Every structure is written in C-alpha cells, then in structure tokens.
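One chain, chain A, appears in both complexes that follow, with chain B as partner in the first and chain C in the second.
Up next is the complex of A and B:
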C-alpha cells in the first residue's frame, strides 16, 4: 500500500489510512516510498496543486513564495475581511476595555506564533535562535493562560514592565485567581484573556478574573453592546479594538464574552465560549433559562456556587488540551488486549441499564461503551472529564451526582456515579435512573475486580509512566515496522531496533527531519493521538504556543469561507507547520523552522504509516457510542 | 436514593443480589442510611471525613452532588452500626435534588456553622423540609460545627439547643478540626436508633 502524501489524490489509497483497517498490512518497500517521494519533490506547492485547485489557503499562498516566512500581511487581510462582517463602526464602540497601553502602529508578529509584545518583524533565523536560547530559561516560568506568551527572552525583559506582576507561578493552581480585582484594577486590565458569562439583563454570572459582583458595571456595558446591536436587528460576533478582540456568543438569556489579545482566531475563541457555555449546561442544564423567563433579573451566580474551579480548569485546558479545539478525544496508549479487557467488562455492566460507562486516566480514555443508540459527543467528554477532574471531592470517595451532557440532552440531568481507582484513573457510570446508585456501586465493584485481575490498572500506570508516541521513534529506515509493535508502545524504543546514530543526531532536536510534534486526528473515530513533546517544545509556554499555532492552522483549515483546505505548509520563525486533511484523518505536524520541506513531507508519511501500524494501541476501535 | 437499609428492589438491577450487603440487618448489626444536609461550607464533608477516616483537611473541597461513605461503629452493648452516609453538596443548585439523597434515610444530620447566622437559618430550612418530606420516623440531629472558632461565634449554644428541643431533635456542637464531639455525635445517633424487634 502506498502511504505517500503525493498519492492522496486517490481516494482508494486514502482509505488505507482509515484506522479501522487491519493494522497488520505488510510494510511497504522502501523503494516504493522513495518513488512516491520523488513524485512529490518537483511540486513547489506541496500537495495542494494535486489536490485542490481552489485551495488558495493561507498555507498555499505562503507556500507559493517558497518559504512562507512572513505571513502577517495575509493574516491581516483575513482579519480585515472578517471585520466587515462585524457591525459597522464597531471598533469605535468599544472603549478599550482592557487597557489600551499597548502601542499602536507597531508591527507585531501576526503569524500563528504567539509573540504578544510589540516588536519589529524579525527574520526567521533570529527568531529561531531566540527560541532555542530561551527554552531553558523560560521553562521555569510557566504561567497561566495569556500571561507569558512571549517566549523570546530578549523581548521578555521589555515586556516585564507592562506584563504581569504575579509572574513565576511554577505550576497551575486551580480555582479562581485574583478574585480581589475588578475592572478598575490595572492588573485586571492587563490580563490577556478574559472570559465573562452574564445574563441578558447584564448581571454578571462568571468572570475569569476578579469578583463578579464588583464587575456589575462592566457586565452592564457588555450587555449594552450586545443589545444595542440586537436592537438594530443584527448580531455582534466580534469587535476588534486595538490589540484586543472581543468575541460575543449569545445563548438565549445567557451571554458569553471573551476579551483577548492572544491573537487567537475568532473561530477558536468562539469555540472556547461554546465550551464554557456547555460546561455551564453540564452543571445546570438548559432549564436554567426558565429562571430568566420567570424573572429576567434573576441572579445566577449563586446557582454556580463553588464551580469557579471547574471553569478555570476548563479555560486553562484551552492552552494544553487539543481536544478543546479538535472536537475529538484521545486514548491512553494500551496494548490491544488490555483495552479489550477493559471494554468487555464495561460492556457487560452497560448492558444492565447504564447509558455510558467510561474509564479514563486523567483526560485520556482507557475504554468506554454506551447503550445502544446512545452517542457521546467528544465535546461532552471534554466537559465531563474536566468537571470530574477539577472537582476535588470526587477523589475523596465514591460520588453520585446529577450532570447534564449538553450534546446528548441539554434539558435533562443524567446521574453520574464517579469513583477513582487510583490518583489518575477513574470510572464514570452514567444513567438516567436517579435511584440506581447501589446498582452502579455494585457494577463498579465488579469492574474493579476484573480490572485488577486482568492487570488493566497496572498497565494503565505503566502507560502513564512510559508516555505515548515519541517523535524520536518515527521509523526512518526500512525496518519492518510491524515488528516494532509490542504490548506497549514504550517497548518499541529498544536500541536494537533503532540505529544509535539516529538517536544521537536528533538528541535534543526532536525527531527525524526536524519533527518536533504531531497530532493525528481520525475522523471516523472522533479520536486523536498526539506525540509526546520533544525537547524543542519542552517548556509549558512552548507547548502552549504550539497548541495555539495548531489552533490557528486548524481554524484556517476549517474556515468555511475560504476553505476547507486539504493541505497547508507554513513556515515562520518558530516552526514549520504542516497540515494535511483527508476524508479519513487530519495530520498536524510541527517541525524545526529550518526543516527541509520534502523531508518534512516524507516524515509526515512515515508518521501516518506509523500510526496506522499502532492504531489498535493508540485508538479505541469499534467504540459504538461514536458511530452515529 | 430509593434504597435505604431495606432490601432494594430495583428493576434495573442485575439478576439476583443487587446489593447483597444491603439485606436487612439483624438485631446485633444495624445498617442505617444517614444524610448530611446544610449550607455550603459549614463542614459537612469535614465531619464525615473526620468520622470515617480520622482526617481533617483545612482546604475546602466543594462537594459535587453527594459523596457516599460508610463507617461501622461498635456500641457497648456489642451491637454494631454501619452508617451509610450521604454527604450532600450544600450548593443551592442541589437543593432541588436533595430528596434524591434523603429519601429513605433513617437519620438526617443537619449541620450549621456556629460562626454564621445564615447557615443557622439554612439549617432551619432543612429541618422544615425534612419534617414535610422526610420519613415520618426519621431521626433528626442538629449539629453546630466549627465549635473551635469560639471567638467568631454568631449562633449561641442556647439558640441551637432551644431550636433543637422545639423540633424534637438531638443537638450537639462539634469541631471537625479538633475532632471534638465527632464520634460522640455518631454514637449518640446510634443509641437512638430503633432496634429491630425481630430475631
């Protein structure tokens, strides 16, 4: 079978990447691969010209000028086009809500990177050097969302004066921060990303920073903007005010607003607001709307009492969890048999009247099953897992709690039995029957017995320690790949199967061809698998910046007006990003900014083949809840 | 929960012993369903964790829905009592769901914080709710928690005692932090349980 990117014009061959196909296909001869590579090389436009003549994307444009180093012009243009969709003179309506201290008229790096300080456009090579130089220094300064985007060390110092006062938080602390602030606080105004939930009467419901009650006036202003536009029979989607973008989402009587200067695209921010709304529905159901029908001035804050931590954890996850923009979930890598064993016992209990049985380790799925015809949306899984993981009380003892799955039925509560088997591994049994606690408890005991007997829980722990796919392990030679499949992915890193020189040459540099990271999303399965972070993206800021870059490219790939696109190749001072979307999968790969394009393409092919080879370890196959 | 210490009869249950240990207790080994109710932050979970695990964690962990824990104690007359405890969330949004947890409960422990008058008012709300909708023979206990914070006291012992007497409740002040009166609370409840007359 051919795995060449160059051959993706053939839909038959694309099907080869369907992860449902047998994983035991014999490996393709190296010559064949080289042959297909040779076909690829002469094309200056990576893949788009073979694929989609209309694919005039950011990517292909960038690609056409060889090395798409500076894409800022083009992105600006996209931004301007969008702005026309916004209500007229909208920008002037907004009174620089988060402090307009940021210099105007300075060129900022409007690439998909996250340089948030004013700076002259720099050539890619220097940006690259800066990144490398700063990687160790910045790693100790991990920060909350939007606080330390500026990884380039030289710029950091400049930024320090206008930046956060409360830097150097070693790791993320859950819960509300800076609750003493309000919109008069300078620190509050300097926050890079605000989220607000308010009611249609302008009452604050939730604010990421600051005390909701003190923000009543500010909330009223947001409400005024929305209703002003609505009075004109229109709808405000977003407003650009200097460096800040204000994104609005109206959900009946609930308004959601994001004010951000993180340069994330509108679609991403809107998606984040959708998830925040979904999280609220998960806690309260949509029947909360009735409270507003009875009393438009209803104060909802008390209904969400104690849930700050749920929202702040969700917002935090926008910076590290690709599931929040990929609309897919990820699995803990496990040997096929291990996952099967877990699935079998879950299926067994699910047949006794359980709607969904989900076994997870942190945010990764070990196995899940659903009742017939019941489908669980990946977004609901993100929200459910976030809810459970962020609420400490679930770890204390077994719990039985009403929750709502917004994509399943936003109007009704389900009842969730939650039990932690160990510090990371937890079981969720969802039912419509509010009386079934003791039944679910008994199911959990049966599940636990089986999981212990079949060593699933110890395999889970081992997988947690070993990690998932490492870019250093991308097969680069003609070794028969099927042989590298082992009970666990970690075992395929045996030195005998990997020439030592490769390891040396890539040490500290990521994988072959300058590959730093990848995310592969299977469209049929609603699942993705991402590599572990290699050393060039080892710090939390670097990882967050990479996710932001992925988010950006994801949004542009899925842009409804100028897309969707099939391929994109972007190069800036931080990365080469290569994105490839087919009917079956989406691949997002990040390379060293100096990576060779032809080699990068080849490596992407290898990655896809590799994932295919290990698909029954990294994916949950045959998960009925998702095939709707 | 429709299931109390009586035998459950869930149709959704799997064949046979849905919950084998949930069978009716004999006279020497009692099993009781106990529910804790009260405003958020009064220390319901802390009381339970102190009683069940002997722990106290000063960082507040908001309970979601309800947590289920059990603890068995032995009385001097050599009977044992297994408490199946529903530690409910105090948040307003769960108030409507409280019947789910107190239905069928033999004991309700209503907790307030002696440093908060609001929480005392909320406790009275729960007493009324249970008098209206709880089992008719439910044992009600009124607990003033955070008794270690004497200097911040807002609700006097007398207020608590009087209200409890008026409503036929058992009253005690506790401190989950110092473990003061925690075991006494549960022992006292155990003593008040009706003993099965059979066997």
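Up next is the complex of A and C:
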C-alpha cells in the first residue's frame, strides 16, 4: 500500500493544483497530475529531518517497511494474492512508531497464517490475530461460516472496546478486508454493510469488501439502476428489501452506494456516503471531475491507490464516532488554563500566514485556531483527523501533504504540515502555500517548546488516562444552585424528591437513576461532549448498539420536513432514551430500560447543569468564530 | 367521470400495475408480463419502463436479501411501493410526491391498500395464478383484474384525481375491523341470533357475520375472512353505502368505465363479475339485498346468488345479505350444501325470515337505543388510533374529529408511524418470537405530543394538541386513556 499520499516527495507538479501559487504554468493533463500525486512513492523522509523525526527510531527500518508495502502493492496488481496484501499492509500498520514494540507487527504478520480459522480469537490473543485468521480463509467456506466470520469480527471489536484511555495498540486494523471476495461469494453477500464508490460509467472505484476489479459487473448494475431512474426523470434515493437498505448518492460523475442491514436510518447512511465522498475530495479535490469530462470512462482507482486504509478507518468510525452524525467535534477535557495556553501559542503562529492550526489527541481537539474569516467545518475536521490518523506514514515523521477541505474549498488543495508529539497527540498546520514546509516546521518547534514548558502535553496524557465525564459522577446532591432548566422536561418538583432511589439504582449499574450514557451537543460551539461508557455498556457490541440507537433518535428528531422535534422519550427493550433539543443545546441520554420516567427527567436536568458547570473544561470556548 | 378519461390530466401522478415475472421472458414478449396497468392509456414504453425497473430491482435486491425482495424504491419525485401478491405476481404502485398537494405518503399504508385489493380479488375470483393457469393467454385474468381494480380505485377518485390515503389518514388502519362495543344483554341476544343463523341448513358448516352500521357485532369466520368480508361490506353493503352512493355512482359506471371494460373483457365471451361496481346492490322487500353482479338466473327475474371463496379453506360459499334498518346480516352457506339451485336458495331465505326475523328486530332496536351516533368513540382531548394486530381490530377517533388536527401534527404522527412500521417489520423478520415493546413520546415543533405505544401485539397512536407541556403530563394522559378504554393494556404497572 502506498504511503505516498501523505508525504510529498516532489512538490513541482502539485503546484498546479493550487491555482493561486502558479497560475501561469501550463497545466498538464489532469489525470497525469493526479496520477503522479497518487503514485509518487515511497520516500516519506524526503522532506523530513531524520533527527527531528520523532518516533522513528531507525530510518532503515522505516525504509524496509516501505519496501514491504510496495511489494504487496505489486502483488495486488497481479491480482492473485490479495490476502498477502492484507497481511503486508496490516503488519505495517500495527508497527508502533515510538519504537516501543518494534518488529512486533512483522512477527504477527508471519505467525498469524497458522492460526486456526474456526476458533475465535481468545480474549488474550490479540484481536489482530483473529482478523488475520479470518481474512485468510474466507474464500472456501460455507454459508454458515460466512456468518460466523462476521461474528469473529465483532469479537475482535470487543477487544478494542477499552479504547480511549489505554495506550495499547488498537486492535482494529484499518485496511481492505476480504479482498478475495466478489459478488458471487455468499460471504460477500452476507456482509452487513457495503460501501461502493463508482464512476458514472459504472467503473468501480472503491469497495469496502472484495476486489474492485472483480466487482466490475456488480458496479455496472449499480450504475444501471441509477441511470435507469434518471432516464425516467427522477433520482433514486434508497431501496428497501427486507432488512436491507440500498442508499444512493450521486455527486456529479461520482456515484456512491451503501448496502446495509444494520438498521441505521436512511439519513445516517446518506450522511456516511457524504463523508466518504468528502474523504475522497480531501485526497483529490473536486477537480477530479475534469478527468471525467475529458474521458467518461476514466479509471480512477489508480488515483486512490493505497488509500484503502483511509476509507476503511472512516467507515469504522461510523460505528463509534458520534461526530460523524452530530456534525460537531469533541474536545479532550482539560483545565481551562491549559487549553488557554495551547490556544495562545497556536494563535501566535497562526498570525504568520497559517490558515488553521489544530492540536489534537486522537479524534479529540485540544485547541484550534483559524485565520481571520476562515472557518473549519466539523465534518472537515472528522475527515482530516481520519486521514492523518489512518495513514501510518504521518506517525513516522513530520510530513507535508496536500489535502483539500471539502467544506472549505472543494476545488483547491491546502497543504498540511503534520507532526506527532507522542503516540496520540499531533499538530496540524494548514496553509495555502506549498513552499512553506520549513516555515511550518519552525512554527511547530516553537509550539512544541511552549507546550512542553507549560506542561500541556503532560496534562494531555493525564486527561487521556482520567477519561472524560463519568455518569457515576452526575451530582445527585441538591445544592442550592440546582434549578430545573427545562420547563417541559421536568415538572417543577422539589429537587430532593427521590433521594433514596438515587442510591438504590446507583451501585455498579451506571449513574444515578439508571443513567448509562449521554451526549450533549452545544449548538453555538459546534461541539459535543459525551460521557465515558459505564459498565452496562462496556462491551464493544453494546456500545455499537447504543451508538446506533442514538443515530436513530437523532435522525427522527431532525426530520427535514417536520423537525426538529423538541423532546422525545423512547423506551424499548434495550434502553430508555431521552432526547431534548433547544436552541442552545441538544441532550441525548440513555438509561436502563426500566428507569423511572420522572427520575430520568430529573437526571437529565442535572446532567445539563453539570455540563454548564464544567463547560470551561469540556469545551473549547472563545475559539475563532465558526460561521458556516 | 370515469378513470379512463381522467388519466390524461394526471397520468403521471399515480400508476398501479400488476405483472407476472414468469411471463414474457423472451425479448419482444415483455408486454405479456403486464396483467394490469393504470392508467391504461399510458404508452407501452412507459408501462414497460415501470415494470423493467421493478423487475430489475427485485432481481438486484434478491442478491442480498433472498427472503424479502424489493419493497420500496424511494426516489426524489416518486415512491414505488411493491407487494408480491402471489409468487412472482407483483403489484407495484407508483405515487408522485408533492408537498403542495399534500401528497405525502406512508409506505405501509399504501402497501396495505395493495394487499386489500388482492385479498378482495382472491375472495371473489380466486388466485391470479390459478386464473392464468386455466387460461394461459391471460385475457381472462386481465379483464377480471382490470374491472376489479378500476372499480376499487373509483372510490378514491376526487374530481379528476385519485386521492390515495396520505399522511392525513395516519389515524386509520386499513385491513382491520372496527367493532361495536355491546353490553351483556345485547351480547346474549347476539349469541342466540348467531346460533339460529349458523344452523340454517342443518349440519352444514354455515358462517355468519353481523354488522351494526359500519361496525362489526359478531362473526364466526376466520380472522382473514372476517377482515375481507367486513371491508367489502363497508365498501358496498351497509345501509350508509346503499343510501348514499348508489344513485350518484350509477351514471358514472354506465357512462365511462364500462365501455372500457368491455373492450378488455368483451372478446373473451366470458361474463366478468364486478363485485365492486357501485350501485349494484339494492334492498328487496323481504330485507334481502339483491344484485345482478353475478348475472341473472335462468328465469331472468332474480339475480344469481353471489359467491365468494374462503381465504384459508378455499371453500366456495354462497353469500346472503339481509338488512334490517341499521343491522346487516351476512350469511355464508357452502355452495356444496345448497340442495338444488334456486329452490335451495329460497329455502335458506325462508328459514331466516321465519326463524330469525323477530330476533333481528329486537337486536336492532336494542343496539340502536344504546348507540350514541357517529362520535360514539370520541374521547375528548384525544385523537387516537388503537390497533390489535393479533385480532386485526382497530378503533380510532371519528374522522370528523381527526380533521381538527393541524397538518404539522398529522405529519409528525405519520412520520412516527413510518418509524414504528419499520421497527415492527424488523422485529417480525427477526422471528425470535419476541413481540416488540415500544414507547415513544415526542413533543413536536408545534408543541403537540405525538405518542406511540406498542405492547403485546397491541398498538396505540395518539396526538395531544392541547396538552400541558411536561412529558409526565403527556404520560399521565396516556395512562388514563389506557386504564379507561384499553383495560390498562398500555399502562406501565
């Protein structure tokens, strides 16, 4: 797999993508330009300083890694040994950039082929091993096994559930799965959620499962459906069949399709297709459309070569990252002063010609600053963070990469300087100037110095360990500051009404009143904060189910024709969900299905009050105006 | 104003087709697939377009969902609603969306409409597949389907336009029966009458159904047959229908649709029974309803006895309808046990007149006394729909009261029902035997409470427009309603 996209090897051709930098250069054929972008390989260090390359202990190791990637790429071209490709790719992904577990990934890559397929990964074995096992032997198996295979995947997901706070190697490994399948495979047909990108002439561009080339026929039938409906003067949105839903999205010459039986509502699946399209634009800009204008049968796969990991990790995030449907970002909880300190130094450098300066820890924002009048859409942040986090080469060394922010300007490239301070914490400096690598590098050094001096980085580490808001900590005492915020969520009763019931429902069962989890979205800030998962939703599967329940209730609250609703109470066999939308915020809270309604309402009010009390710490306040 | 003339103006708004995907598989033979198409004068290319798209998606979706093929295609301007009436025989309804014209649909309601058409067709004509097997050219099936569906759709004709059930009908449930609540005394009298009716022909297994106005009083039929026959009775037999529609409809039928039907069915030389034709039933002097739908007896004086097919047993039954004021009695006698033609029929009638007349009069009197009019089931402050899925029964606020709701509230309810429909169908497909339990209370943008409760196969939908603003208040309202009118079925304790 190419890691070339994320690091710029030769900037000359790329200038053409930014009309502002060299408008006089006679343009090359666009396909060629884009192709050169995608295929420029494999020297991630060309522009990086070896001594500065934080986290890469040994240049030669990185090189050999790159070589391995290239080999597997060739194997893919031959079209035979797709599994090997998965191995090679995954092995490189698992590698720890800090050098803490050097070589471990490689060893796994070798040993995994011996793992028994039928045996699900034991809790102690790495989830990665389970994945490898399942991918290697999927081809010749019966229908039943095809189902079991997905279960294996679920189990593996469970391993990853501890997630946020642990610094262990994430068990979920991005990259193409089941590359040996095609639409004739029963296992392929039984996958719960497919994503496809194809061109308007029916050429496959991306498929989540299976080999794009083998799916040409299938891709053509998707195209036929879309154009058949278009011929009738209409545009197909979705098709339902039993538990399956097929969702279509047409973006000029690019068609996107999702086939899913995950019970997610149409609005969510469509939103996910929009994000996938955005991710593609982030890599290529919308000028890729011109390729299709010149040649309708243009084959785009080569342009996206090596970006499987980016798409697969985005698709994975549809199952755990609320930002993908809330259209808001979340911050790492930090003391107000700490975040201020980080913001101040970012602001400092931003004044020197930087468009956006973003400091993040995993998918959470520590601080971000934009140049005057420049605003960053939360969806762009999701896509940018996903792009950076999923591309292993960014971890290897500081990098300078062309990227496009689809909501900011889908036609032009920006340039992103990316540098990891530690395993999870990274800085992104975005500029319109393709020549500013050394300037940005200097900025980064200044920022790093200040962050170290002011202990921001260690505070970040601590926050990672402590986690965010815990439902167990919802204040239950009736302090004088308590008041009923919502007139229609709660009756104006005395605050100390259920003291004994609070305690009763408390122990080991989530928070007071049976509260299991909540998400609070501030409308003005475009930010959300969600609680950590409590014990009743500790497994990955439980979390995924809750996440989907949130997606559903979010979609029903925000119906385009009649929404937004003001309040919703929903009780089914899994949860009580309480949702409350005001002009200022939205609250989504999940309770035990047997929770008492009156008490749940009261707890929601307390949660809102609690968040107001700590908003300095959980939100980034006073950031540059977001005026989209 | 017949359908055929109306089509030119609104040809694109609504299309309904029935096709058999086993037919016309050779290239150039595709037209043979089409068993019915409305509007009939739509160019064949357009008809084939709809059928081509439908077949394409049925095939495509089977790749992923072999057990349940395409149910809906939702496009920007149209919804295509599918119903596989019989194996490989599909009904597809295409409706145009139009916000200004309030053309906002609930898919499940449209599917129920297709299902109703087919169920009624089965009741009168038997299965389409069987007709096709009997007469492989398909001409008989086509002429039967044509007159049947067109007669059915006539009920939805408003001016020149077909108005199918839209969001405004969200507090109704097609394919269910509405019951009259009766006291103990009346129940005993009903029982006695039913016993008399069901034993009209000695040991033969007769069945009966009694209606008071448009409400069911008693039935000895299976649930499916009850639902079908009840639907038919409310469409064509009850006193309300007989007194109102007949005269105004008759000229339409004779004027426009009939020639068209003749053109379709005429060359078969086979009489096409049109049980849904308007104005074809009338009350005779002895209280029995007469019709010439099933042709005339040899004597030429009386119409042939109507016959229907039972859904499950496939048994053919003779249909007798007797009406006394508000009371309608429907008696079903197996065709096989009617001794000898006309004579046997008059024996049955005679039996009823002699043995049941008094009981009928007394019961009618009692029920009429206890009946408080069309708003009998109105509950002040509530707009509701109550459905018992297992028994296929529903009760709702009277239509006149539902129309007082704002468009926003009705839309919100329609949307909520759509969500609930989806969850119900998923729960069904999961088939783990667990019944869906669900409680949803929404405060909509216009401050109305829109509520749905599902428990043990019972469903309650409710709109509260003039309600206090707290969620707990809304819940109390539901609780009170449940305790008072549903034996606490939806109460939480």
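The definition used in the following text is that the second predicted complex is superposed on the first by the 426 of 628 C-alpha atoms of A that agree within 3 Å, B and C clash if a C-alpha of one lies under 4 Å from a C-alpha of the other, contacts with A are read in each partner's own complex, and residues count from 1 in each chain.
What we mean here is this: contacts are C-beta pairs under 8 Å (C-beta built on N, C-alpha and C of every residue); 3 or more make two chains touch, one makes a residue touch a chain.
All figures in this text were calculated on a predicted structure; none of them were measured in a lab.
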{"item": "Fit or clash between chain C and chain B when superposed on chain A", "value": "fit"}
{"item": "Touching partner for A:302 - first (chain B), second (chain C), both, neither", "value": "first"}
{"item": "Chain A residues touched by each partner, larger count belonging to chain B or chain C", "value": "C"}
{"item": "Touching partner for A:441 - first (chain B), second (chain C), both, neither", "value": "first"}
{"item": "Partner chain in contact with A:235 - chain B first, chain C second, else both or neither", "value": "second"}
{"item": "First (chain B), second (chain C), both or neither touched by A:568", "value": "second"}
{"item": "Shortest CA-CA distance between chain B and chain C [superposed frame, angstrom]", "value": "33"}
{"item": "Touching both chain C and chain B, counted on chain A across the two superposed complexes", "value": "none"}
{"item": "Touching residues (chain side chain A, partner chain C) in the complex", "value": "183, 189, 221, 224-225, 228-229, 231-244, 246, 259, 261, 263, 266, 487-491, 556, 559, 561-573, 597-598, 601"}
{"item": "Sites on chain C touched by chain A in the complex", "value": "49, 52-53, 56-57, 60-65, 67-78, 99, 104, 408, 411-412, 415-416, 419, 426, 429, 434, 436-445, 447, 469-473, 475"}
{"item": "Interface residues, chain A side, partner chain B - complex", "value": "283-284, 302-307, 309, 352-353, 387, 391-394, 396-403, 413, 416, 431, 433-439, 441-442"}
{"item": "Interface residues, chain B side, partner chain A - complex", "value": "1-3, 8, 10, 12-14, 18-19, 22, 40, 45, 49, 61-69, 87, 89, 91-94, 97, 100"}
